[in-house]
Amino acid sequence: MEKISVTTGKRIQLIDITDKIRDIVHKNGWKDGAVLLFIPHTTAGITINEGADPDVRRDIEETLAQLIPYRGNYRHAEGNSDAHIKTTLTGNSSFVILENGNLKLGTWQSIFFCEYDGPRNRNLWIQHLEE
Amino acid sequence: MEKISVTTGKRIQLIDITDKIRDIVHKNGWKDGAVLLFIPHTTAGITINEGADPDVRRDIEETLAQLIPYRGNYRHAEGNSDAHIKTTLTGNSSFVILENGNLKLGTWQSIFFCEYDGPRNRNLWIQHLEE
Amino acid sequence: MEKISVTTGKRIQLIDITDKIRDIVHKNGWKDGAVLLFIPHTTAGITINEGADPDVRRDIEETLAQLIPYRGNYRHAEGNSDAHIKTTLTGNSSFVILENGNLKLGTWQSIFFCEYDGPRNRNLWIQHLEE
């Protein structure tokens, strides 16, 4: 298993981590199968979406902020229930197929770490699975 | 890795692709482990839900359309931010376990390609993973 | 493939199943790779979120109940469309990495079965995948 670290700078922030994942795949010489990307946190998720136009991730950030408001009628005393709920809606794991040692992504796809209760220092775990 | 193509006919449309996935599994003679189903698009997702009553997928389509409206206060100039957000909420990959060369699904489960910005010609990638 | 059963007690209920999954991993002697957790139902999902404070899962349950109301303008005659929609938003499969025969989870992470149309007797399927 490999780990990468991600430093986030805002409370809600999607950060493109495609290059970091690609570097891990190349460094390990993984050729085929798939990589499992796992976020070991409960207030951060992972998604694959468009990386070309930064307005896409801003629209995702703002729409999720509106859909699940920061301040609401929540019980959890730490005051970050919205971040836990956003994590469940986004999911905390994702997969990418490998082909000839490369990440197999669609033309417009990038991999995003989804911070929902930052800024923080975060981690992501990567496991190679055999085809 | 295998590919299948899906032609969608509406802007928002869940299409049952279970038979297409089953055909790929049989053609390749995959017997056990699992198949990773990966959508290489950023405005389309994948879900496993009820296939028996078409009203279920219509309710999913309409509720997602209401929850994340087509026209909103979005920045992304292409006008399909809602489709990107729906993709993040649904997810772009899924898994099905294989048993004796068959898809192992629950009684009421079908696999749906989720078009959120159609009609378009779309693709789905399938990777077999070993148990 | 292994199966576990889960008995739910309310219509909407997140139940911590981490110990049940851990027992299956130990019983089978699975050492590394990952486990695929698959819910074979269409009105129940799975999520990984905070297990320490039960208020977190209560906030998730209540926020999802408000976001996708039980009674709405749905077509599906069985009256549980909200549960199908919640299942698509949550997802019906998840993954956990294994390391030296143990579930590799973050400090605050627990695995939750998400009942959206209970109370019912439910199942979860577990498949080991090789690294």
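The first chain written gets the first letter, and so on, giving A, B and C; residue counts start at 1 in each chain.
To be clear about the criterion, a contact is a pair of C-beta atoms (placed from the backbone, for glycine too) under 8 Å apart; a residue touches a chain by one contact, two chains touch by 3 or more.
If you're wondering where the values come from, they're calculated on a predicted model, not measured in any experiment.
Taken as a contact graph, with one node per protein chain and an edge wherever two chains touch, the assembly is complete, since every chain touches every other chain. Between chain B and chain C, two chains of identical sequence, the interface residue sets overlap only in part, with shared numbers making up under half of the total.
A straight line joining the Cα centres of chain B and chain C is 20 Å long. Residue positions of chain A touching 2 or more other chains, listed in rising order: 67, 89, 91, 129-130. Those residues of chain A lying in contact with chain C across their complex are 1, 36, 38-42, 67-68, 72, 74-78, 81, 84-85, 87-89, 91-93, 123, 125, 127-130.
By the touch criterion stated above, chain A contacts chain B in their complex at residues 33-34, 47-50, 53, 55-56, 58-60, 63-64, 67, 89-91, 94-97, 99, 104-109, 129-131.
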